[in-house]
Amino acid sequence: MAGPLTRRRLLGTLGGVGGTALAAGWAPVAFSMTAPAATKKTRQWAMVIDLRRCDGCKKCTQACQETHHLPQTFEWIKVFDVKDTSGASYFMPRPCFQCENAPCLRVCPVAATFKDDEGMVLVDQDRCIGCRMCMAACPYGARYFNYNEPPQYDNPFGHPTPEFPVPQQKGTVGKCMFCVHRTEDGVLPACVEACGMNALYIGDLVEDVATNGVETVRLSTFLKENDAFRYKEELGTGPRVWYIAGHGQLLEG
Amino acid sequence: MTRKLIPFAAAIALLLFFIGPGRGFLPTALPGRPAVSAAPQVADHAHDATTGNASTIGLAPSPVTSPASTAARVNVAVTAAPEAARGYVIAATALGPDGRPLADAPLRFYELVDLFGTREMQIGSGTSDGRGVVTLTYLPAQPGTHDLVVRTSAVGKVTAGEGRTSFDASVSAPQSKVERPLLAIFSDRVPYAAGLIVLSVWSLIAFALFATARGVIRGARRTTRKGEPA
Amino acid sequence: MERRAHERYIERAMWSIGRGDRNFWIAVLVLGAMVAAGIYAWVYQIQRGLWVTGLNQKVSWGFYIINCVFFIGMSYGGAMTSAILRLTNAKWRAPLTRLAETTAVAALLVGAVYPIIDMGRPDRFLNIVLYPQVGSPVVWDVVAISTYMLASLVFLYLPLIPDLATTGAALKGGKLQRIYQLLALGWKGTPGQERSLQRGIGIMAVLIIPLAVSVHSVLAWLFAVTARGGWHSTIFAPLFVLAAMLSGVAAVILVVAAFRKVYGLQEFITAKHFRYLSYLLIALGVGYLYFMVSEYLTEGYLLEADTTPVLEAIFIGTYAPAFWTFTTVGLILPLILAAIPGRFPIGRACLASGLVIGGMWLKRFLIVVPGMAEPVMPWDWGRYAPTWVEITITIGSAAAIPLILIIFFRFFPVMSVHEMEEVEHEPERRPTLQPSFAEGAGK
């Protein structure tokens, strides 16, 4: 580049070089910013319920009702007193199974029931029209309809969301959502935390791990070694809740 | 004169490049963890394994010991399994405080997982043999870095101890697939076909109504042969 | 048909138009009061919520869904009598078609309101239109019912056009006459117009049959696509369609008999019509019995765990009285009544139809409630008892149908003049007037 050096040309050259350097420096950052953040994991939640340990105390039901400000008739996790064909009597907690092939999802006329990216089946109570088709379709009786005005509660986050549908809305359907409003903050679901026998495990199918708050196990091994089963498997709903067969035999005393 | 400025400009550029916003893309070399891409190495190790010469993937850093000198130590080494599909072999050696192998020591293997906080997930256990070794074949659920802890409980006068390591896994268990039945693809589309039928039915009804109306109205405009009043 | 009989036909067909006599107003008052009570109960429910019904977490569908299926089923009389008989060229249908088509529309209007009554959030009804999920049977339901309603209205209107012209011509003048003439689209009976009309009616007659089949099939799939024992049955769609046709024909028999008596149509609607309608009733009833036997035999033979509780409940359990009442008094007895030859054909046909309609309501109850009450989990059977709200709404909606009919026939002929001429191949006729009719017009 020939010619006398003027102030303009100096500044121009510096600016050009500096700008190029800046751009060269920013570019990789810009690219990494558009790439998905590696910090938030994609979970696929699942639960394991150890029937060898459930003592039917219903603390899970209570904790769920308290956390979500539910009326007493709403048992989003319900503990059944079962007598099976071999005569054994045991307790079976039943949350919503968050089925892979959920019947309730398909039959909702307004898609108020939907699946989030963690595989959880959620209900948008702002859209629900209360036709109760999902309740007819659920083979596990896991859905509850707000016939009456539900208990009022001042939601600190403002409006209730499908992840935290508190307070419930009258004339709509509600159900267990694996406490996604807690798990997204790294807190155990209310029922898992409340279980005194540590019989409820919450796990991740992607990372293949589950914990009951005290003990952490490799999910697939835990299921295989303990002959876990799913309830009404033949219906093809693909539940995300496994049961470890038992009749309370691990309870002490 | 501009030519003299070029090195000056280059210096500024380099400065901005390294300490400016461009920092983020510098190679991440976190302490104690070699950034090794294990894929080609696994193949090599598979060959080596036949000759019994598997080289270590993970480092064996100095074991964390309890302050007491009676604590055991555990050395953990991770190598690729002979059949690559089986994952990795974790060899844990329990040593006494004097460095001699600890036999009949109950060892438990844990992996550190991030699930509602950092937790230890038990992946295996065993009792050490005469050489103080327990091996565990482990196929991780996901590729990436895995942190392991191996603990031993007290054996005789030797108190409990542990050893830790990390390794990068490229072989992992196949991901559990979302089980949507194949036919669901078909049944998802059928309602749209039905929608087409519905649309054609509505147009037929509209045709029946409006074509008839038009025909009747048109017929009314033409006078009848008998000229009857309406 | 000879000329005088023809004129008498027209006279009787238009007898009710403009006739606001005391009986009319008493009927309107009584029926209107029942409808008003039903509306009051509905408003009561909207204000307070669905807890005023007998529904609960186990039995979440009850009277409203039963009534929806029931009333829409009753609307099949139009498709059966008007469309199928037209396509099979059964001449005896002519005096019945108007009554049948109007009953169909009235029953459909009432039945189609029930899903809204049943909703927890009826204010969000538009969500189905705004955010439909096409895989949902409820959406199929809304689409099918609205399409069928549109088709029924068109199918009622098209054959009405010539009668509108006749009625309009018979009026003295005024706004009412203008409305009739407007709706009649200038019908004169020319060959060109006849062709257009026949084509339109023909299309609708052919279309309304698959539409009718689709509506009740979709209603059946509302139940059959769930995994509940007693509901997840492949025969549900044909079963519902046949049940609807049966209740539709029974409804037509009752309506025709009632209007025949009150409006003096005895000359033109005779025992022969009731005999033929009874044959239809018997054929459909036997077919329905066959479908029932097929379903219960298939389920009962294997006695699988999910279907056995419902079978037990309806054969020997809580719902056994209702089931056996339906089977004997509501299905087999009416068929025998209608089939045996003898005296009082019309009376027997009416009794049989009344029993069939009651039986059909019971059967819908036996489909919905045990299916909902049966335990899907290891808990007890659910229980359901309707409250006054549900019963009042039911009565009000049932009263709405004759109310709609009476008001409709105040303005339109109760028998189709044009259709009678069509089957008799009558030439173009002149609209004639009866003095009393002309004076009474416009009231």
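Read from first to last, the chains carry the letters A, B and C; within each, the first residue is number 1.
Please note the rule applied: a contact is a pair of C-beta atoms (placed from the backbone, for glycine too) under 8 Å apart; a residue touches a chain by one contact, two chains touch by 3 or more.
A quick note: this is a predicted structure, and the numbers were derived from the prediction, not measured.
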**Message:** Please identify the chain lying most centrally, where each chain is represented by the average of its Cα atoms.
**Reply:** A
**Item:** Pair with more cross-chain C-beta pairs in contact, given B-C and A-C
**Value:** A-C
**Fill in**
subunit A and subunit B have mean C-alpha positions lying a whole-number Å distance apart equal to 20
**Prompt:** Whole-Å distance, subunit B centre to subunit C centre, using C-alpha means?
**Reply:** 61
**Rounded Å distance between subunit A and subunit C, as computed from the means of their C-alpha atoms** = 47
**Asked** Hey, what residues on subunit C touch two or more of the other chains?
**Response** 135
**Complete:** Within the complex, subunit A is touched by subunit B residues 1-3, 5, 9-10, 12-14, 16-17, 20-25, 113-117, 119-123, 141-142, 173, 175-176, 178-181, 184
**Complete:** In the complex, subunit C touches subunit B at residues 134-135, 140, 143, 147, 150-151, 154, 157-158, 161, 165, 169, 181, 185-190, 192-193, 195-197, 199-201, 203-204, 207, 211, 428, 430
**Message:** Looking at the complex, which residues from subunit A come into contact with subunit B?
**Reply:** 1, 4-5, 9-10, 13-14, 17-18, 20-22, 24-26, 28-29, 32, 41, 100-101, 119, 183, 186-188, 202-211, 213, 216-218, 220-221, 236, 238
**Item:** Interface residues, subunit C side, partner subunit A - complex
**Value:** 49-51, 53, 55-58, 60-61, 115, 118-122, 124-125, 127-128, 130-133, 135-139, 142, 222-223, 225-228, 372, 376-379
**Message:** For the complex, give me every residue of subunit B touching subunit C.
**Reply:** 187-188, 191-192, 194-195, 198, 201-202, 204-205, 207-209, 211-222, 224, 226, 228, 230
